[in-house]
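Here come two complexes built around subunit A, the first alongside subunit B, the second alongside subunit C.
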Partner chain A sequence: MDLPMILNISMLLTLATLLTPLLSPLLVKNYKNSPSTIMQTVKTSFLISLIPMTLFIYLGMENITYFWEWKLATNFKIPLNFKMDQYSLMFFPIALFVTWSILQFTTWYMASEPQITKFFLFLLTFLIAMLTLTIANNMFLLFIGWEGVGIMSFLLIGWWHGRAEANTAALQAVLYNRIGDIGFILCMAWSATTINSWDIQQLSPLNQTPLLPLIGLILAATGKSAQFGLHPWLPAAMEGPTPVSALLHSSTMVVAGIFLLIRTHPMLHSNPTALTLCLCLGALSTLFAATCALTQNDIKKIIAFSTSSQLGLMMVTIGLDLPQLAFLHISTHAFFKAMLFLCSGSIIHNLNGEQDIRKMGGLQKTLPTTTSCLTIGNLALMGTPFLAGFYSKDLIIESMNTSYLNTWALSLTLLATSFTATYSIRMSLLVQTGFTRTTPTILINENNPAITNPITRLALGSITAGLLITTYILPTKTPPMTMPTTTKTTAIIITLLGILLALELSKMTHTLIKPKQNPLLNFSSTLGYFNPLTHRLSSTQLLTTGQKIASHLIDLSWYKKMGPEGLATLQLKAAKISTTLHTGLIKTYLMSFALSILIILISSTQ
Partner chain B sequence: MNPQAKFLFTTSLLLGTTITISSNHWIMAWTGLEINTLAILPLISKSHHPRAIEAATKYFLVQAAASALLLFSSMTNAWYTGQWDITQLTHPTSCLLLTTAISIKLGLVPFHFWFPEVLQGTSLTTGLLLATALKFPPTTLFILTSPSLNPTLLSLMAIASTALGGWAGLNQTQTRKILAFSSISHLGWMTIILIYNPKLTLITFYLYCLMTIPIFLTLNTIKTLKLTTMSTAWTKIPPMTATLMLTLLSLAGLPPLTGFLPKWLIIQELTKQEMTSTATIIALLSLLGLFFYLRLAYCATITLPPNSINFMKQWQTNKSTSMLITIFITLSIMLLPLSPM
Partner chain C sequence: GSAAMAAYLTHQQKVLRLYKKSLRHLESWCIHRDKYRYFAVLLRERFDKNKDLKDMVKATELLRAGEEEFWANQHPQPYIFADSPGGTAYERYECYKVPEWALDFWHPSEKAMYPDYFAKREQWKKLQRESWEKEIKQLEEETPPDGPKTEALPPARKEGHLPPLWWQYVTRPREMPM
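The block that comes next holds the complex of A and B.
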């Protein structure tokens, strides 16, 4: 039993299985894909991917494959380099499981879509790109996956391309991702010129990595993972269909930035400045997103902001120099976030397209499975003890409390944790409890197993995933074991405070008084004034500078006024003055002659 | 005009010119100039309209003043040096006064004001005489006294003449005034090189006369006194407008034509004398002249006038063109290969 070969083959088989729906129409005559075949393909792929995962868990076996070089220059080779290590071997089954559930849900959600097969193929292409990103060992292959997920995100967000907001949102996603790509290419250029390789392994032996490539990587992560500064695209991406939001913008694509930082962690490890930067950026992102989520009324936007907040938390973990913990959070987060999105999708479709939580209520009786899973998801998100989120989130907060770091980042993260609880409870209360605020003429049911099965599967994952992963994967760094009781229970206390606050506030809303506007409410509901400021300001500045310098200064002033036209105007002036001098009066002429002679005589006798 | 009177005046002109250019004594030079002034006056005012009379009056006043100044300068020189030789004019004040006197006679800036108006008041043939023949004696005097003249003054007047000839000529629609300003401009070129190489002044003057004569004669043949008339000139004698264009461009100084020669030689001489900036300035200022020459050529040949023309060519031709115009046109276009190096 050649186990390394089995590991290799099963991973490659996983990828090959996913490629079959894309390649079969080219190879087989009259082959027609269908949504169910694609879903079955992904399910098969998931089952196959369990083999390498098991091999890794029981034997700790990791693998790097290296074949087929692209010889770009004589001394610079770019191979097809797969790294099957802890991260990629764990990520594959999780991503495939989540995708399988989402695809099953999509067969119900997008049933009335005429181009549903194309949609499934898009999702599949996205998945392949994401998995390529995960398994890549050199930055070139990673970049291929990176760009692939970016493009698919664009295509999928703008799926309903007749809608103007969807197009704007898709463009926003691409542009913000592109800004991040600049950082990625910066790092690639640096490593190509310094180390003459794009292998991630070869980046680590440096004692003190210079700050430049790390800034590039952090910029790339900011763009892809919607950290503060390049974040507006994530809430806007909710314009896409719910399966897209579930797959891309909760579990897989947005974690690509964090995944990059996890992969290149040895470089970050040696540079404290970069780590501090990650920490502060993450803390800021998590608090900002949590603040914005407090006053949102669209259910998908709330979940989007909660994703953004959790991404900030992952960035904080990177800043704490704990990549494995960040990966753990990625894994557990995938489950409950995808489930939250699927639940919201079910609610939206059943309420005939209603996304505003102010117009939902009392759904617990009509959609029992969905709402129960919604509650489970929210509890997992908040870090309820022994659900999935607890294992990663609590560990992060414990590590943060016991490490020697920036107090500001610490306090921001704790505040964000309590806000997480607040907005989750608010969402649950408004959606599930209370009197019904929906229109009476809708049919609500979840009789279709295509709805309930994926959601319950993911709920199972949300409950057990944390326990399973932490049991079977040993941490490479020893987690903090001893700390004071208050420190240990900080996360829970803060979460409880948040819950209590939410409950108290929701009691206040039963008295039907119109909420008064105050600056804090305005700040939160306009998402921190970020969008209008940056989108309008930067483009106006750029355009006016372009007009001033290119059009006015260069074209108009130098080429025209200083050049031909200016010269012509001068000559015209001179010609006009000269003609007015010739008055025709002989006395004036003779007088001028006399004067000129006098001047000549006087000036030359000096 | 009465043919005998005309004969008398023309021969007096010849006499006056000859006396001046062949004189050694200042009084003889003055005499020749006075004869010229008096002889040309009736020719200017031969058509008795007020403009011609006014032109004649202005001409007389200006020229008389100039001659008086000339006499005065030669007298002060005689007082200081005791001799009346033209080439021995050494006293500085005399030189200055002489320079101003001759500038007035020629029409250099700032003494040029009379020239456009006088030229506008006369017919084209008399204008031709004014622009070419009557400039000859003063130019001769300049050349004879050139070693003792003040270079700064001459250069200033020359550059100013070229400049003003260009700028003022830009705003004119009457062809005679345009030709007056072109004359002033060419006088500037002649004056700039006077100190350094009087022979070049002479060659410039000759070539200027050579090129101006066909223009005046052409304009006389097709009877265009304004730009508007110029645009219908092609109906009279079509080949003449084509040659007019070439002659005008030659006057502007365009290379394969004759007019390039004086400018070329002058610029060469100036650079040899380390006066490159002067050469650049004067060359750039003559570009202004190019513009109105081009405008004349454009109106004559390249455009059609806005008024409608019912016929291709006028059936009546009032004069047959003389051989004279043909000869001068040919010379003013083709003479560059004969340049003396």
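The block that comes next holds the complex of A and C.
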């Protein structure tokens, strides 16, 4: 049995199955897609993608497939190059599983939407672009996937395009991603000029990569994965429908930046400056996002900031030179984050569009499955021992603690970990426990299997994924084996402190003290004042500079000062100086005559 | 009769608006209902203390102080209902609200799929064209010389006439798409 061929064929079949709903209306007469057919397609694709994953797990089989080449220039090769290695073979089943669950959920969530099939086709196109990004071996194909997910993100965030906020948010996403793309293209240009290829394989043998392409890659990851500096688009992206938030902005698209850094890891490995930059940037992102999430009241925004925080943690892992661990965190994070979003979608729809947690409460009795899965998701997010998040998150904190790296980054990450526990518990307490604060005139039920099946499936994934992946995939680098007990239990202790803080804050909300604005609350509520500062400052600066150039530089300087007015002032100065000499006194003139004759006589005699 | 909307707000309206928005922001601060009720009762008592003040100067000063206190104590993320401006579902279905005159631009083959509907529609349009002049005449007669005092439209006065601007009301889009 030719197993490499089976690996190859099954991977390509996965991708081909996904293309079927897009191509069938063109090829088959009177063929109409429907949401359930698209969901079945993704389910089939998931089942097929289990074959190559099994082959990889049991035989360690990897593959690079080289297809057709775009013959643009004679010595520059741009082939259609698929890399089926550990990362892409593991990512495919996970992404397809999560997408299948989300699509099943969407058949219920968007049932009252007039253009539901178009929505499903958009999600499918996004998935294809994302998988192209994952399986690409050269930067050109990766860039095609990269731009594809960016465009689909724009179309899906602005799905309800009658809403002004949604359009603004979609535009924000595109612009911030574009700034990241500048970095990506910088790296592509550098590699095209230096090693004459866009293959990621050929980047590794370099001993010492210069900093410039790495800055480009880190900028690309900052833009796509919402690190601090280019992060505002991710909370704004919650304007899109909940399935969009669950698929794009939690599990798949936002990890594309981190995935790029994992793929180009050999380049980063040799440059300690770039690694430190990743570490500090990731630590800052994770703390900033966790601080903002503490005072948010919209359930989707809390989960969005949670995603942003976890992306910062993934960046920290890249900075620690542990790409495999970052990938493990991507995989486990996909499960519980998508589940959190689906649970929030179920709650929102059942409460007739209510997204504010101040008007939710006591939902444990009315939505038992959803709230249990919400709890499981929150526990996995906090890194509860032996759930999915534990295997990745705890390892990251341990590795960070035992490495002799940046203490500032370490303390920020630990603080962010405790804040993670705080806002998760706060969300759970306000949503699930206590007396209900919802309007009385709603009908709540979760009798539809289209809701409960995806959520329970993802809950199962959240519980077991960490264990399964770490059992079957061995780490390439030895994790730290021995450390003092306090170091080992740092993550747990910090999380428990965070939980205590949340319980204390919740008790404070019950006591009869009137709450007020204070500087910390204001900082967190307004998301660190970042949005108005950057959005307004940058655009006003740009426009005033443009106005100054147009009016002052061109009109004033060139036309006036270099031309007539300049000449006139020069003349005036000369005239003023010479006017003082025109005193009209004859004696002075005779003196100047005499002086000049004297000088001529003296100089001529010598 | 209902109160007409004038170009300025009365003192009572201003005080009531301050009270309502301070209650809403209090609700955003005090999440749990019992705590909210406690502070809402205290707030109401503060408003009721000065309810019977006849001196307009003092009343305006109190109102101004109240507005400043509201500004200082407002919630940075007040609770906004989903369908209200600024809410999460506001204008969400605007993209599906196509105006009714788009039906006139359908291709004849498409219109032939619904012959009864379009035949009836032609009758409605004929009715609208006929009654338009009468509606305009009624509105011109009933509007006072220095502009209308209120936004409310008058009902039909004569026998066989239709209320003015009825077409806009009848052909308004659905709240939620089908």
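As a working rule, the second predicted complex is superposed on the first by the 550 of 606 C-alpha atoms of A that agree within 3 Å, B and C clash if a C-alpha of one lies under 4 Å from a C-alpha of the other, contacts with A are read in each partner's own complex, and residues count from 1 in each chain.
The rule we apply is simple: a residue touches a chain if its C-beta (ideal position, glycine included) is under 8 Å from a C-beta of that chain, and two chains touch if they have at least 3 such contacts.
Given the structure is predicted, the values throughout are model-derived calculations rather than measurements.
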{"item": "Partner chain(s) touched by A:P114 [first = subunit B, second = subunit C, both, neither]", "value": "second"}
{"item": "Which of subunit B and subunit C A:K29 touches, first, second, both or neither", "value": "neither"}
{"item": "Touching partner for A:E354 - first (subunit B), second (subunit C), both, neither", "value": "second"}
{"item": "If touched residues of subunit A are counted for subunit B and for subunit C, the larger one", "value": "C"}
{"item": "Which of subunit B and subunit C A:T579 touches, first, second, both or neither", "value": "first"}
{"item": "Touched partner set for A:S604, first subunit B, second subunit C, both or neither", "value": "first"}
{"item": "Residues of subunit A that touch subunit C when the two form their complex", "value": "112-114, 160-166, 295-298, 352-356, 358-359, 430, 434-435, 437, 509-512, 514-517, 521-522, 525-526"}
{"item": "Contact footprint of subunit A on subunit B as seen in their complex", "value": "57-58, 61-62, 65, 69, 92-93, 96-97, 99-100, 104, 110-111, 113-114, 116-117, 150, 153, 164, 167-168, 170-172, 288"}
{"item": "Residues of subunit A defined as touching subunit B within the complex", "value": "571-572, 574-579, 581-582, 584, 586, 588-590, 592-593, 596-597, 600-601, 604-605"}
{"item": "In the complex with subunit A, residue positions of subunit C that touch it", "value": "27-33, 35, 38-39, 72-77, 79, 82-83, 88-97, 176-178"}
